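First chain A sits with chain B, and in the next complex the same chain sits with chain C.
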Partner chain A sequence: MKISVPTHSLVMSLRKVLNIVSPRSTLPVLSNVLLTASKNELSLFTTDLEICITTKITAEVESEGQTTIPAKKFGQIVSTLSGENVTIETDSELITSISSGKALFKIMGLNPSEFPKETEFQENQTLLFNKMDFLKILKKICYSSSKDQTRIILNGILLSMREGNLTAVATDGRRLALVEKVLDNQDSLIDCDVILPSKVVNELQKLLDEDGDASIKLSDSNATFIIDNTVLTTKLIEGSYPNYRQVIPASFTNSIQLPRENFSEVLNRVSIVVNESGSSVKFSLEQDEAVLEANSAEIGEANESMQVAYQGDPLSISFNPDYLKDPLKVLDCDELTLRFNDEYKPVVMLGDEGFLYVIMPMRS
Partner chain B sequence: MSKIRILPEDVSNRIAAGEVIERPASVIKELAENSLDAGATQITINVSRGGRSSIKVIDNGCGMDSEDSLLSIEAHATSKIKSAEDVESIASFGFRGEALPSIASVSRFELRTKTPDKTIGTEVLVNGGIIKSVSEIGCASGTSITVKNIFYNIPARKKFLRTVNTEEFHITEIVLLMALANPGVGFQLSFDKRPVISVQAESNLRTRATMLLGKDTVSAMLPINYSENDIHVSGFVARPGLSRASRKDQRTFVNGRPINSNTIYYAIKDAYHTLVMKGRFPPVLLFVKIDPTLIDVNVHPAKKEIRFRDGHSVGSVIKNGIDQTLKNIVEGFKPSPGPTITSNHVNTEIKAESELSDNGVTTENSQSPLVDTASSEKRENLSRQETAGDSGMYPIPKPPIPPPDSSVDLTTHQSTIDDGTSVSAVCNNNLLELRILGAIGNLFILAEGRHGLVLIDQHAAHERIMFEKVLKQMKLKDGIRQGLLMPITVDFSNADTKIIAENLSHLSKLGFEIEDFGNNTFIISAIPAHFPQDNISGMLMDIVDQLRNSPASPKRPDEAKIAKIACKAAVKAHDHLTDKEMSNLLKELNAMELPFTCPHGRPTMINLSFKELEKRFGRRQ
Partner chain C sequence: MHKIIHIDMDAFYAAIEQRDNPALRGKPIAVGGSERRGVVATASYEARKFGVYSAMPSLTAKRKCPSLVFVPSRAAVYREVSKQIREIFFEYTDLVEPLSLDEAFLDVTSNEKQIASATLLARELKERIRKETKLTASAGVSINKFLAKIASDFQKPNGLTVVPPEKAVPFIEALPIEKFYGVGKVTAKKMHKLSVYNGADLRQWTKEKLIRHFGKSGNYYFDIAHVQDERPVNPARIRKSLGAERTFRSDLVADQDIYTSLKGITEEVMRRMEKANITGKTVTVKIKFSDFRQITRSITVDKVVNSFDKLWELAQTLLLKVDLDTKQIRLLGITLSNFDTGEISTSEQLEMEF
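Up next is the complex of A and B:
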């Protein structure tokens, strides 16, 4: 194999595939990237056996071929090269020469035949979506997914297709974020639920960087995302997602409107005095006034009030401040709506179109 | 003909002997316990060739008449209980009526006994369980039993006898335990006519313990005396920082009987939580007194194990007792807050302190070569007493087997250890009185105290301060709960279900909202907000395990997290501290509940006494 590629495009492509490489593996070849040169293309392929990703760039191919070299080292080398183009050549001993300008590296590789093959599956359906729209959906919910390794299902996010509607859900059992979106221009959609692993959600957010369309192929156990010249295939998390509809209260006794940015600023300010886990902020409502309060035994206390249109009985609800802050960072709307019943029942936050957030209060 | 038949008595006795009589030491245990049950005040034990040749136990107890002496070697013949109800409340050591026939069935057995009111005694000779002769004999009041050629008729068992030294070691340990448990009885133990243990009847446990374990050991421990719920705990427990590599020096007794009980070991471990490192054991000499109806001794033929009817409360009393004792010592160091402490109290504290400063310190031989050379002289005196297993981190010179010639005059022998002061893990200085000299290596703070040079590990010390601070903050947050949107169901075993049901209020205080859903299933609808948020069911299982093992005060699930926070927040080794920072560190450390160790159990300070320094400079012998 002998090829020449522009350095910049190689760096950008490597960034897309490097994160999939697992830092530790008992299978040495998994630390490598598989390079394949054919026609006028170089493809880069990595996998951790759960997720695999391929990306292609145009290259001047002098001779076709395949090799694998350590992915992280390759990434480090290429990102520091100053020459405009990189020439990559592999000899029969699996030694790959990487040269650019006056720099020359000779890197030892592993046999490409040892590399796992790309997962192939028969898809049930293919969905088309706008990249920016999908990125926003992921950003608005992904922070709510659980990090608890004992609850694998909640580590992922749910994509639920029902009668032409997509619902994306993430929850850690204490709060839940959800976005609903009508899928237009899609014919004959089959209802289905898929749970994407969190690693995929993170990677997708990096791949969905510009406008345009992309597609998802779905089967019962796998999903493939085709985003420009990158293809990411993942196994889905098996199991059924908890019934998230059940945790959303059917009715509320009260509802208030808050300016999002102002509320966010006040919340950040007040919660400076609490810094360790397990602290709460108290949100109190009185006639036309909302007060945010926080205190900690070792630092002190803070409170700040905001004007709101509220006519109900006085009420205070305690929250984990992070649970309130997280959605405020990713929403675009100017006005937020908070709906609640009492200090024990779940509180709902509404904002952007299709967005719904449920928080369970803290209590003492 | 039926295949099943009743075994002849001699066979069943030999089988019983297999359970009761394991080795010569168990013969001595059984015989001496009989003597104690007979009200003896002096027990003499002569052993030859580690008990292989002969074991002789002589007491001055109540003795037996000729009829009883014959009955005593019948299986299940005993004077100690009369009815099945008596088994429920056993106050004597023996009760099974197995020991004498068992011993008699595996040896050449001679029994001589006389009651004080008779002028003539009885002699019974038994060979391998068969009575050879019964005759009248003139002898002193009491009972004397000689057991010769043990296991002569069970070659298989005889093969398992260890070397004379090993058997002697086991015998010494058994006699030591009995002597500790019965200060009112004089004990004499000799091996092949060499006296090994020789103690007079005493009224006081401290004297007895000092005689047997050495003054060093005893004064390095704190007396404990605690009662709760009609359970009484007394004896001695290790000062913080003193620990051993094995459990050998945790000697525990229940109603005077040496017992291995996990309930007790767990309670000790809990009480010393964060005070000893993992895998280390604080030495204790602990006597638990409890209503005999609340324990079941009839679990193990050799009675090494017992069952508590209410293990939880026994464990919690022991733990509370030790806790209080350990906290008292810390209080003793602090400047008296005012006239609230009676002068009497202060005096005893000071006395205890000064006594300790003299001898209550421990040699640290495995760590620093400096210490080794310096105390080599002393080591000479001790070398014979130190067994190989004693080279733990803070081994206290202690004679598990006192050297033969020392038994004649134990006090002289001990006086050689008296001034053997050296590096101590236990600091007896009021930290506020320390004069800070500086720091070395940006790691150890050096200070002059009343008793010598004190070295303080700045990281460990600060870690302890941060740990107690964070712990206090966290405790304030107990009860604040994060509601769960989706309640979690957890299934438990029957036993665990019971524990949870019993501890619902404790769990709710921590911040759990748990509801019994029936069929061993529980629904958790809220969890403590400050505990780790992952793996909730795992955390609850851990708490249940804690509650089972040490119901008194289960370890907090967030303790590891707190220790980590403390470790991160603490000044590190090689951080430079100014004088002001150092003195404040000591001031804060002084205010801690348990200042002597870091949360991982490493010592925060070491005391190098003047005596030790003088010795090293050759100013003192």
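Up next is the complex of A and C:
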């Protein structure tokens, strides 16, 4: 194999595939990236056996071929090269020469035949979506997924397709974020639920960086995302997602509207005085006024009031401040709606079209 | 020459309970555990007469002392009293190294009150503690941490033992090997087999010989036997993890043996957690294979790990992540870290029902 590619495009492509390489893999070859040169393309492929990703770039191919080299080192080398182009050449001893400008590296590789093959599966259906739309959906929910590694299902996010609607859900059992969206321009839709691993959700957010369309192929156990020149295939998390509908209260006794940015600023200010996790901020409602209060034994206290249209009975609810802040950062709307029953019942936040957030209060 | 004081509160948790509840005074009590499960965190001196000790399973304790009263642990109160005592220490020196809630080293070589005699200073500290907390402490005074620590244990409760520089060698020579700090049951047995019964026997050995028999620890045994303990009192020393590990005489191969051993280590870690009154959110399993390759696997959870069942469940989960195949295991260990700061959170996060 001998090829030449623009350094910049190689750096960008490597960035897309490097994160999939697991730092501790059981098979040594999994620390490598598989390089394949054919026709006028170079493809880069990595996998951790759960997720695999391929991305292609245009290259000047002098001779076709394949090799594998340590991915992280390759990334380090390429990102520091100053020449405009990189030439990559492999010999029969599995040694890869990487040269650019006056720099020359000879890197030892492993046999490409040891590399696991790309997962192939028969899809049940294919969805088309706008990249920016899908990115926004992920951003609006992903922070809510659980970080508790014993709750594998809640580590992922749910994509649920029902009668032409998509519901994306993430929850850690303390708060839940959900976005609903009508799927239009689709060929045929089958109802199904898939749970994407959190690693895939993170990687997708890096890949969905510009406008245009992308597609998802789904089967019962796998999903493939085709985004421009990049194809990411993942195993789905097995198991059934908890019945998230049951935590959304059916009715509320009260509801208020708040300007999102102002509420966010007040919340950030007041919560300066709480610094350890486990502390709460108190949100109190009185006639036409909302007050946010926080205090901590070591630092002191803070409170700030906001005008709101509220006519109900006085009410105080305590929250983990982060659970309130997180959605405010990713919403676009000017006005938020908070709906509640009493101080220990779940509170619902509404804002952007299709977005719903449920937050469990703290008991003082 | 340094002047080091080791202060060790007498039956700390139990003494606090007896102080706060007159009905418990003079009675054998156990803090932590319950009649049926758990382990004793601290036993009152009355209970110790029956042979009840810290980290003893409750059932055993109850058998040894049928009149034993189990008192639930009040961690927040113990922390508060511990803080109160530390404040007293800080009036004398900034060089305070707490080992746990109930013991600390103080370097009083130069102290705020210009008290030249460490013995007088130790007496004053004990008196202040007694006056301000109504609790007694035992103190050890000597020229290094090792001797001060052993000394504080010499006459308990309410003791004060001084090992002046000229007495250091005779003191160590007379000290039974199992009393050496850092020599556990297993090492003591091994020492006995090698005819080492006290400090004098230990002093006959060369460093090389000790290292040959005890590995890295040989260095430490040699140094302390020769009064060479230069470890400074380190005020910044904060415990970040707590664990236990075991090296096996013959490598483990069978799954059954690996699980049994891991369970034993889990029990040990749980005992230490209860003793130190610590809970945490990250559990790490360490495995060393027969080829000395070592791996660790860890897991972090949302809710604190505070029971044997939870710790054991996580330890097993971690073990499942390791491809054991036909590999032979030389060492297994479990560590708890990411401690719950114990800040008494005023509010409790409510959870969804799934």
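Some observations on this one:
Criterion: the second predicted complex is superposed on the first by the 364 of 364 C-alpha atoms of A that agree within 3 Å, B and C clash if a C-alpha of one lies under 4 Å from a C-alpha of the other, contacts with A are read in each partner's own complex, and residues count from 1 in each chain.
The rule is simple: a contact is a pair of C-beta atoms (placed from the backbone, for glycine too) under 8 Å apart; a residue touches a chain by one contact, two chains touch by 3 or more.
For clarity, every value in this text was computed on a predicted model and none was experimentally measured.
For the composite obtained by superposing both complexes on chain A, the positions of chain B and chain C are in clash. Of the two partner chains placed around the shared chain by superposition, chain B and chain C are both touched by A:N320. Using the contact criterion defined above for the overlaid structures, shared-chain residue A:T26 touches chain C, although it does not reach chain B. In the superposition on chain A, A:S364 makes contact with both chain B and chain C. When the two structures are aligned on the shared chain, A:S251 is found in touch with neither chain B nor chain C. Of the two partner chains placed around the shared chain by superposition, chain B and chain C are both touched by A:Y344. When the two structures are aligned on the shared chain, A:Q311 is found in touch with neither chain B nor chain C.
In the superposition on chain A, no contact is made by A:Q122 with either chain B or chain C.
On chain A, the surface patch touched by chain B in one complex and by chain C in the other comprises residues 147-150, 171-174, 176, 242, 246-247, 276, 278-280, 320, 344, 346, 358, 360-364.
Of all the residues in chain A, the ones that touch chain B in their complex are 147-150, 171-176, 242, 246-247, 276-280, 297-298, 320, 344, 346, 358, 360-364.
Here chain B touches chain A in the complex through residues 469, 473-474, 476-477, 479-486, 488, 526, 528-531, 533-538, 565, going by the rule given at the top.
Contacts from chain A toward chain C in the complex involve residues 26, 146-151, 171-174, 176, 242-244, 246-247, 276, 278-280, 318, 320, 344, 346, 358, 360-364. Taken in their complex, chain C has these residues touching chain A: 299-303, 313-314, 317, 323, 341, 343, 345-354.
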